[in-house]
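Paired with chain B in one complex and with chain C in the other, chain A is shared by the two complexes that follow.
This part shows the complex of A and B:
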């Protein structure tokens, strides 16, 4: 079993995931943000599955590693869908939804083909390597898409507070994980990054829960003011 | 038709940017078994099980 710190971070993360779903139900926004809720419900299901395998087989077992990486691929896919749902909300009023959906499917297919091309010549288990490669590639696609969406929010002068906060939190989350990824490649002190990675995992449910709880759907803000430089 | 072509070009550009960013961040070692995970769950010990048996 992992150490008490890693377990504590995990339990906090689970509590925050539950808190987001409960907050959306309490604020009557569950169906309005159905894909965000679906992501956290899937995350809770993944946590349950991972806990079962961790408890039964241990952290170093192949069973836990398979469970961890396959559920992670599913979660990345769910987060991608949640991100596209935010795109649909931003571009919905411009009637660009058809193009957003078309582009999202095309991008997903492109990422899948690219990932397949990378792993097809290896002598390793194709399904596992493909799931892992697709998960990582889709993650970086999500990172770039979030920054593009933030650019669109500024350009279109989007004022819906919840939407702006969701997108900012997602950008922070993706960027923090990308920094963690870079750190892992730079440093061999893996254990430090492992705790960092878990803590970053709590960031998204925390930020989204606070947003859902503090701001009503009708709240508005001026995103341009966030970029204003104090003189 | 031109809009669909523009969307296709945009998709390709995003894909290239993403993979370029991944390669840059991993210092050219984009296939390294490091973890990007989506949950605070404790990461497994060791890389994903990819070797055939």
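This part shows the complex of A and C:
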């Protein structure tokens, strides 16, 4: 079993995921942000699955490793879909939705093929390595896509507070996770990295729950205030 | 080498998103009209300056907490620390960074003053509810 600190971080993450879903139901925004809610519901399902494998087979077992990496890849895919749903909201009024969806599927397929091409050259177990590689690459693609989306938000002078804060929190999450993945590759022997990824996992549900709770759908921002340097 | 590059890029984007996130939090406070109570308590008539931040944060600790403020205040607190560090280092050499950092710390202080105003109103509400009971 993981240590008490890792377990505590895990439980906090589960509580925050539940909080977001409950909050969006209470604020009557569940269907408006269905893909964000679907991501957290899937995260709760994968938490339950991981807990089952952890209890039954132990942390060092192959079964738990498979369950962990595959649910992680699935969650990254779900988050990618959630990000594309935010793209659709930003570009919705410009009638770009069809192109956004097409581009997203193309990029996803490209990432999967690239991950497979990297993995097929290694001699390790193909299945888990592919899941790990796909997750890692999707995090980086997600970071780049969020950065582009943020650029579009500034360019289009988006004013919807909730949407702006969802995108910014997602950008924070993706950058922190990509940094964490890179740090793991640089210095996996330090145990602090293992706790970092768990703590970062709590960041997204926390920031999104606060946004959902604090701001109504009608809440608006001054777009000029979002620019780091005034024009 | 590749991991180090990804790490560096990620840290830069993390900082950029963090700054924008904090700016989106402080943005709403610029339009907020302060109540008479908070103006009397803090001595700030309309807009706060960066130097007021620490004092206002101390005043905030005297009021009962509002759960919805907690994350925002913490994030803005970290942002203020970063800006303070900038003011004590890079900003001494570049006037542009200095004026930008001053403007940003003033935004942080405004956010804290608005939070204080809301906490005072919240405390009054609690007292009124207790009075009714």
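Quick note on the criterion: the second predicted complex is superposed on the first by the 219 of 231 C-alpha atoms of A that agree within 3 Å, B and C clash if a C-alpha of one lies under 4 Å from a C-alpha of the other, contacts with A are read in each partner's own complex, and residues count from 1 in each chain.
The definition used in the following text is that contacts are C-beta pairs under 8 Å (C-beta built on N, C-alpha and C of every residue); 3 or more make two chains touch, one makes a residue touch a chain.
These figures come from a predicted structure and were not determined experimentally.
Touch counts on chain A: comparing chain C and chain B, the chain ahead is B. Of the two partner chains placed around the shared chain by superposition, chain B and chain C are both touched by A:143.
By the document's definition of touching, of the two partners only chain B reaches A:118; chain C does not. In the superposition on chain A, contact of A:34 is made with neither chain B nor chain C. Using the contact criterion defined above for the overlaid structures, shared-chain residue A:201 touches chain B, although it does not reach chain C. In the superposition on chain A, A:18 makes contact with neither chain B nor chain C.
In the superposition on chain A, contact is made by A:176 with chain C only, not with chain B.
Taken together, the two structures place residues 140, 143, 178, 181-182, 185-186 of chain A in contact with chain B in one case and with chain C in the other.
Contact residues of chain B toward chain A in the complex are 3-4, 7-8, 10-12, 14-15, 17-19, 21-22, 25-27, 29, 31-32, 34-46, 48-52. Against chain A, the residues of chain C that register as touching in their complex are 3-4, 6-7, 9-11, 13-14, 16-21, 23-24, 26-28, 30-31, 68, 71-72, 100, 103.
Chain contact summary for the complex, chain A toward chain B: residues 2, 6-7, 9-10, 12-14, 43, 46-47, 50, 54, 59-62, 64-66, 68-69, 71-72, 75-76, 79, 99, 102-103, 106-107, 110-111, 114, 118, 122-125, 128-129, 132, 135-137, 139-141, 143-145, 148, 177-178, 180-182, 184-186, 194, 197-199, 201-202. Residues 140, 143, 146-147, 150, 161, 164-165, 168-169, 171-172, 174-176, 178-179, 181-183, 185-186, 206-207, 210, 213-214, 221-222, 225-226, 228-230 of chain A are the ones touching chain C in the complex.
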